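Next, two complexes with chain A in common: one pairs it with chain B, the other with chain C.
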Partner chain A sequence: MRVILERSNLLKSLNHVHRVVERRNTIPILSNVLLQANGASLELKATDLDLEISEATPASVEQGGATTVPAHLLYDIVRKLPDGAEVMLKTDEDGNAMSVVSGRSSFRLQCLPQSDFPELSAGTFSHIFRLDAHALKGLIEKTQFAISTEETRYYLNGIYLHTHESGGKLMLRAVATDGHRLARAEVEAPAGSEGMPGIIIPRKTVSELQKLIDDPDIAVTTEISDTKMRLTIGGVILTSKLIDGTFPDYQRVIPSGNDKQLVIDRQSFAAAVDRVSTISSERGRAVKLSIADGLVTLAVNNPDSGSAVEELPADYASDPIEIGFNAKYLLDVAAQLKGSEARFMLADAGSPTLIHDTADENALYVLMPMRV
Partner chain B sequence: MFAVKAMPVNDPSHGFCRDCLALQRGAGPRCHACGSPRLLRHPELYKLHLAHIDCDAFYAAVEKRDNPDLKDKPVIIGGGKRGVVSTCCYIARIHGVRSAMPMFKALEACPEAVVVKPDMEKYVRVGREVRSMMQALTPLVEPISIDEAFLDLDGTERLHGLPPALVLARFAVAVEKEIGITVSAGLSYCKFLAKIASDFRKPRGFAVIGEAEAVGFLAEQPVTMIWGVGKAFAATLESDGIRSIGQLQRMDRNDLMRRYGTMGSRLYHLSRGQDDRRVSPDHEAKSVSAETTFDSDLASTTDLVPVLRALSEKVSARLKKARIAGRTVVLKLKTQDFKTRTRNRQLADPTRLADRIFQTGMQLLEKETDGTKYRLLGIGVSDLSDDERADPPDLVDLQSRKRALAESAIDTLRDKFGRKAVETGYTFGKGRNAHPPEPIED
Partner chain C sequence: MTVTREPSKPRQLPLDLGHSPGLTRDDLVVSQANAQAAALIDRWPEWPAPVVLLAGPAGSGKSHLAAIWREHAGAIELSPSDISAHLGEVGAVPVLIDDADQGRLDQEGLFHLINTVRGAGSHLLLTTRSFPASWGVSLPDLASRLKAAATVEIEEPDDMLLAGVITKLFADRQVEVEPHVVQFLVRRIERSLSTAIRVVDRLDRAALEQKTRITRALAAETIGALDAGQGELEL
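Here is the complex of A and B:
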């Protein structure tokens, strides 16, 4: 293999694929990126056996061929080459090493044969639809923070993507929860998604996907089967296994009878929560909200260091209520809201509370209160 | 009680007799008052205040005390179907018997030995008597096990009218007289060396390691004398050519850290006799666990699950009693060939519920039931905190609240009518392994 390409193209593609490669690997080939040169392009591919990202980038191919080299090493080398440089990648005759030559710099990297590189066979997909990147990014960003990291409930370690009919309209919904909070976002279901199986997209795939969507104007082709999904974003193809599990019936969790409405300025609320929670020793301490006519009092009490109180004007007309929430969870939700106001729907101190985005009726958040 | 009590003792050139506590102004080899050769002299004798006390062959000593026929016979405490020696008296040790030795080997080495089954309740009772005598000396008593503890006697001189060394010697004599067993004491300026000292002249020993001699003394000792250097780590050190603590003393701290991580830093400090750990009487538990060794090895899920359930309930009961909770569940298994497997899993929130400990343990156990035969199973939690934030209500798992309520109902019934009043189907009728004996409260 012998190819010449622009450093910027190579860096962009490596940037897309190299993150898939785990820093520590027990299987050597998984540390490597697969390079395949043919026609007028160089295809790069990386995998961790659950997720595979590949991208083809324009290159002048003097001699076709393929090999694999350590992904992070190659990325670091290319990253440090000067802007605007040209890079030549050339394998030895015996295929044991690859040279990276640019200007006066020259590197030799050890190769592993491309035949050892695992293929994440995609199989056949039952559903295919196109979704604009902007919508997909929105679904991810609004829900990603609520994904659970708890191994015990592996089926919560991702975003549940499925279709749901509401108000006579078919919607494509993303839901994530860790048992303490739940985030739900939806967009109108694109053509082709009707009847798709509900899928759970693993956390790592979600986070890579979010980074790959840098151009909000393109359409993302999404293909789905029961066990895998494939997304084509411009020149990048991401193939991922799905979490093999049943996502819980989240509809039962979303309260419908909460009748106490609190409307509050989002930014000053977030700032106040942030301020009072300074006094708590560890993250995850409760903030107590005392809500009465037109006024919310936020209080944090930490027996080890002291206490904090802040008052905020609010739009509230129901019976007074005292309720506690994890400060971090309140901030996470507040960070997602687009509107200038947050609308809380409360029932009592022990029941889940709903939070609406006043600027986006397709987003919904549920928070479990804490004992205070 | 003793005449010496009123005597001012601050001259380091004067030693004392360990049997009658008489001050020794001369340099003779025997006590001028009682003729005993057990004299203690040390330049730092009246300055040091950190002590380690260890009962000599504790279980065996208690049995000999209660049955004078055993007095001059080799006695081995141990038994049960898994015969291993848990303690043996010093006569048996002369024949080569050691604790943790399989019983058949011990009896090969010493066929005339009398084997006594352990009576844990009795040992705990006697251990407590010894401990309360220690607590009369200083509030700073940190028990390490049923029969040993660290004592910090700093600042007790005016209270007792005696320096720590004499207080300890008087204590050793008193234990012998009042309880009828012997102890060994080590006196130094830090925990590490106090423990080494108490082990030095066992049984009925009393050894002193002063600050001035510490480095020189340690230089001669093998690395295994350092706390935390077991067989495996000693082998690692050996492969790097390190056998004596003296070699460690000549090594650079960074080099040791690079080679052995945090353990390297410990080696650096301990090898130089630097140990600033304090004696803390309310030493907080880092984990709560329960384990059991089976009568015969078990491999199948059917056999192991009831045991796991029973042990989870035991752990949960202890957590609830102490009002604490743990966030990491740890499963421990020991295979037929004595290899230990530990597996752990972190939960999103601390728990104190038997149900959650058990369910998490089950997930860990599933991966290990591959036909391997196990001799021991244990379950526990670590990463402890108070139970204020434990087991919060969950949005998704609506059953968890019901199970928690059911568990607290079971707890109430058990409190009222005893542990066997209510059982889950996991353990009911599942035999001895699913019903480990009541834990002995220590």
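Here is the complex of A and C:
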């Protein structure tokens, strides 16, 4: 293999694929990126056996061929080469090493044979639909923070993507929960998504996907089956296994009868929560909200260090209520809201609370209180 | 400034996400305690009598067995208090009556149902916690019909069944638990399946609340709280 390409093109593609490669691997080939020179392009591919990302980048191919080299090493080398440089990648005759040559710099990297590189066979997909990156990004960004990180509940370690009929319209919904809070976002279901199986997209795939869709104008093609999904984002192809589990019936935890409405300025609320929670201990970050006619009082009491109180004007006309929340969860939700005001729908101190975005009716958040 | 200590530290409440219990034959845990009952279900339609009573304590898996049989035999299920109104639907279809001794029993209806089933050569399965002698049946003809029914008993769970059921209950919740935690629970809890259900439920909630795995330490803490009678109040 012998190819010459622009450093910026190589870096951009390496940047997309190298993150999939785990820093520590028991299987050596998984540390490597697969390079395949063909026609007028170089294809790069990396995998962790659950997720695979590949991208083709323009290159002048003097001699076709393929090999694998350590992904992070190659990325670091290319990253440190000067901007605007040309890079030549050339394998030895015996294929045991690859040279990376640019200007006066020259590196020799050990290779592993391309035939050892695992293929994440995609299989056949039952549904295919196109969604603009902006919509997909919205679904991910509004729900990602609620994904559980507790590994034994593997079925919560991802975003549940499914279709749901609401108000006579079919919607594509993303839901994530860690058992304490839940985030739900939806967009109008794109053509082709009708009848798709509900899928759970693993956390790592979600975070890679989020980094790949930085261009909002691009259309993303999504293909899904019961066990895998493949997303084509411009020239990048991401193939991922799905979480093999059943997402809980989340509808049951979204209350419909909460009748106490609190409307509050989002920024001053978030700032106040942040301020009073300074005093809270690392473990129990409980903030008590005492809500009465037109006023919210936030209070934190930490037996080890002291207490804090702050008052905020609010739009509230129901019976007074006292309710506790984890300060971090309140801040997480506040950070998602786009509107200048947050609308809370409360029932009582032991029941789930709904939080609406006044600027986005397609997003919904559910928060379980803390007993304080 | 004086800082008053709060009586208890703040606790995060978990969302009640629920789960769906697996009620297929593959989900059924079989040990010596319920081997006879499982064999009976598997043997259908080669049954010893047209009317069969499946008797066992609460939470011993009667409804699970009955659900497997209903699926397998294509049986219809009738409520014990409302049999007469549905006699017309029975024909030659097998019939299930779950929890026959819970609540009011439609004696007249049951008597006619037994006759219908016998006449059509089909089957009736009744599940019950107690034997018919203690049901207080006032219709002599029904009492003698019930006496003629074949009875299969599920015994109090043995260690193996209890361990199997606890593992199944966690699997229903898609939670994997180390075998030594299951063994710990089997040794520590009251030997009944209904207690097992309660303990698994509490433990699952506690783990979700604290965002931790289900460990022996958490199991010990949960059982301790249940023994102290706290658990119920906090739900």
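The rule is short, and it goes like this: the second predicted complex is superposed on the first by the 370 of 372 C-alpha atoms of A that agree within 3 Å, B and C clash if a C-alpha of one lies under 4 Å from a C-alpha of the other, contacts with A are read in each partner's own complex, and residues count from 1 in each chain.
Criterion: a contact is a pair of C-beta atoms (placed from the backbone, for glycine too) under 8 Å apart; a residue touches a chain by one contact, two chains touch by 3 or more.
Note that the structure is predicted; figures quoted are calculated from it, not measured.
Asker: Identify whether chain B and chain C fit side by side or clash on chain A in the overlaid structures.
Answerer: Aligned through their shared chain, the two binders clash on chain A.
Asker: Tell me the contact category for A:G306 with respect to chain B and chain C: first, second, both or neither.
Answerer: Touch partner of A:G306: chain C, not chain B.
Asker: Which partner does A:F107 reach: the first (chain B), the second (chain C), both, or neither?
Answerer: neither
Asker: Could you figure out whether chain B or chain C reaches more residues of chain A?
Answerer: C
Asker: So, A:G324: does it touch chain B (first), chain C (second), both, or neither?
Answerer: second
Asker: By the touch definition at the top of the document, which applies to A:V372: first (chain B), second (chain C), both, or neither?
Answerer: second
Asker: On the A-aligned overlay, A:R252 touches which partner chain: chain B = first, chain C = second, or both, or neither?
Answerer: both
Asker: Touching chain B in one complex and chain C in the other: list those residues of chain A.
Answerer: Residues 148-153, 177-182, 248, 250, 252-253, 284, 350, 352, 366, 368, 370-371, which sit in both footprints.
Asker: Residue numbers of chain C touching chain A in their complex, please.
Answerer: So the residues of chain C in touch with chain A come to 1, 3, 5-6, 9-20, 174-176, 207-209, 211-214.
Asker: What residues of chain B sit close enough to touch chain A in their complex?
Answerer: 345-348, 359-360, 363, 388-389, 392-398
Asker: In their shared complex, at which residues does chain A touch chain B?
Answerer: 148-153, 156, 177-182, 248, 250, 252-253, 284, 350, 352, 366, 368, 370-371
Asker: Would you tell me which residues of chain A are touching chain C in their complex?
Answerer: By the definition above, chain A touches chain C via 148-155, 177-182, 245-246, 248-250, 252-253, 284, 286, 301, 303, 306-307, 324, 326, 350, 352, 366, 368-372.
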